[in-house]
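My structure is below; once you've seen it, I'll send some questions.
Chain IDs A, B, C and D follow the sequence of writing; residue 1 opens each chain.
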Amino acid sequence: MDGIHDLGGKQGFGNVELDASSIEKRHIHGFNERWHAAVFTIMNSLFAHGAAANTDHFRHSVERIDPINYLSDGYYGRWLGGAETMLVEAGLLTQDEVNNRVLSKGHKVAEPIAARPAEQSPTFAPRSAAYHPTAQREPLANPIFAIGDNVVAHSLGGTGHTRLPSYVRGISGQIIAAHGAWVFPDANAHGHGEAPKHLYTVRYQGADLWGPNAEESVVLNIDLFEPYLELAQ
Amino acid sequence: MSEKSAAIRAEALESLLVEKGLLDAARIDDVLTLYNERVGPMNGAMLVAKAWRDVEFKQQLLADGTAAIAQFAFEGGQVDKLVVVENTAEVHNVVVCTLCSCYPWAVLGLPPKWYKDPAYRSRVVREPRAVLTDFGTHLPAEQEVRVWDSSAEVRYMVLPVQPKGWETLSEDELVNKITRDSMIGVEVLAEVAE
Amino acid sequence: MDGIHDLGGKQGFGNVELDASSIEKRHIHGFNERWHAAVFTIMNSLFAHGAAANTDHFRHSVERIDPINYLSDGYYGRWLGGAETMLVEAGLLTQDEVNNRVLSKGHKVAEPIAARPAEQSPTFAPRSAAYHPTAQREPLANPIFAIGDNVVAHSLGGTGHTRLPSYVRGISGQIIAAHGAWVFPDANAHGHGEAPKHLYTVRYQGADLWGPNAEESVVLNIDLFEPYLELAQ
Amino acid sequence: MSEKSAAIRAEALESLLVEKGLLDAARIDDVLTLYNERVGPMNGAMLVAKAWRDVEFKQQLLADGTAAIAQFAFEGGQVDKLVVVENTAEVHNVVVCTLCSCYPWAVLGLPPKWYKDPAYRSRVVREPRAVLTDFGTHLPAEQEVRVWDSSAEVRYMVLPVQPKGWETLSEDELVNKITRDSMIGVEVLAEVAE
């Protein structure tokens, strides 16, 4: 979907706010807040209990958050919104249960919650018995493109999950790496199977992406799935 | 939603899930321990230090990062395939995920807040040189900037340039000096005057 | 600029919320609130006192509002944010004056205000003595394109005001009307003069814009300035 | 920012500007009177009614809307050039401004809230048929939908199809039946069962 999450190249978001590690140039790591870890663990439980069928399914739940919340809630707030959506859609919790518990914890009534656009909950096939340590798969076909090919990416349209950001669409780039076949997020997020597709790294020149005012000598590399691509004319 | 509101909302969801047997609260402590203690940028720093001292390891790391790090059995996930990109005098690399916040947890730990915020994600693909100045990093105009947008399950880590004067340091000494930001690519390591 | 205001084709904003006039199918018009009219009048005063040099300059001040505020503040809230920006940038008010007065009116301290990204306030030439009832001008050159031409629009880049939305960029469309020469917003918003350019209506096919899942039999007409366009190959 | 917060903020700015002599509060009343009383969709409805009754005026309105309405000296501004687009059995037109909220004030008054909100502006260029169903408007699949995105200073108004049974009504009677929404293009006029 062409959602608020597709931030690449957008303007008006101000300067980067550095964290202590960046400012003090030393290793500070781990969770800043216990509730961040709680959300992280809740997210793990979504997978354990089948509310999230896979990572692509979960990522799409985050993309579906109301745009204002997406920009306001922070990273773990967005995960929380996605988790609520998946738990309610899976029937493990009702929205009333969540809202009532939130109120009983002293939350303001008027606080906006993650929106849950009505979506037909897809049906996911049981996970394959085969153990897959990664999302890489045996290819179903030979790759169409080769390193050195000039390609252009186009949106597949629709309202679903995709990993093709808008800022590279319609621009000519060059394939610089081929990674074999990988689970295709556009299918996997919606219960249409893993449908493995070849994955390539495509290199774009900054001036092609951003026009005459682009910074000098900048290239952009991005990993794109074969169905997004066609040979440049 | 403010941080405070989100914290309350998270607490509500946690208590509900625990009651329903869908969440074991002890697992939250496990997650805290894992990412606060064992998974963090010291893992990536160790790889960088080793690469600087062992040319054969460096070649392996750059040729096939996934295979090169297999021996360390890092925890933390999010690295189906690791690609390590080398900074040189000619090329400076910087990593982002514009669509969400993909990050090589196993080698760098949890991503910093700024990596996940709209400002970094929106700007670094369009004006990386300007963004790097927010970090105090000023690149020469003749150095090519290569931005890597982690849009699939390949994860990227930057192998920074070793500053002059660090050649005599041990790998252990280096680990504390090699910053997270240098492995994301928003910082150029330099000997700090002490 | 590729800002949050460039909403065409974005997904995730939910359904349209009808007003009473739409629901009751009768004429209800005018301002819903007195403060909306106050903001409207303040906006007029910006032009009277030179804080807003022209409509394009004012529109850009609204585009520069912080993205969360842009989505949250509503139409007159956005105008208010733009007006504050212009008054402060013109030196007619200081930000402290505005903030202190807001606090004295009982406003919460923590309430976000319209962001004012640092921008060098452009210098605008005094308005032409000639009376121009509209933004149409005598052309400085003959039109490059003609009705029936197939064209593609590309961003001129940069961070300034533009009237080329992102959703039509890189897509082939056909010119269906020519409107003569008009004040060019990309220049006029930034003190670079009126620089009149030819304006065309360009027609796009829905399927070309939105891919295989586009609604059937939809066309999109949009008015685009000549510098955005080149002949399609 | 909530409506309440914005109202307070507007009051603050108003009082400051009045004190500094940059705003005459009486002008706010003038603006209220202008848009509450004289500028509104009744002006556009009058044009539509006239076009339905006077074929010569209709031809002029469609050929050169700006010239056709000059005689009425409408107040309200925002119409440097008016283009009137005609709905037929084959074609349905609908108007939007995706970049801000441009609207033909002089003939339709101030735009409705939904016209200015992100939902309408984002969706109607991509899925106009779906958006029209939010208004209860269902178009036949074979009718072409033409969306007009008002991205410059040309303003668009839709000339709706006259419903069967309205031929005998006077222009004055029609003005109250021709809705604002039918002239934006989100509604198809129909005789309402009474």
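Going forward, contacts are C-beta pairs under 8 Å (C-beta built on N, C-alpha and C of every residue); 3 or more make two chains touch, one makes a residue touch a chain.
Everything numeric in this text was worked out from a predicted model, so none of it was measured.
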Chain whose Cα centroid lies at the greatest distance from that of subunit D: B
Interchain centroid distance [CA atoms averaged], subunit C/subunit D, Å: 18
Chain centre separation (subunit A, subunit D; CA means) in Å: 39
Chain centre separation in whole Å, for subunit C relative to subunit A (CA means): 30
Multi-partner residues of subunit C (each touching 2 or more other chains): 9-11, 13-14, 67, 71-72, 210, 214
Touching two or more other chains - residues of subunit B: 118
Overall pattern in which the protein chains touch one another (line/ring/star/complete/other): line
Full enumeration of touching chain pairs: A-B, A-C, C-D
For the subunit D and subunit C complex, residues of the former touching the latter: 1, 3, 5-17, 20, 22-23, 27-28, 30-32, 35-37, 39-42, 45, 80-81, 98-101, 109-114, 116-123, 125-131, 134-135, 141-154, 176, 179-181, 186-187, 192
Residues of subunit A touching subunit C in the complex: 1-4, 9-14, 63-68, 71-72, 115, 117, 154-159, 166, 169-171, 210-214, 233
For the subunit C and subunit D complex, residues of the former touching the latter: 5-11, 13-19, 21-22, 25-27, 29-35, 37-42, 44-45, 49, 59, 62, 69, 71-77, 80, 83-84, 87, 92-93, 97-98, 101-102, 104-108, 111-113, 133-136, 163-165, 167, 179, 182-183, 185, 199, 201, 209-210, 214-225
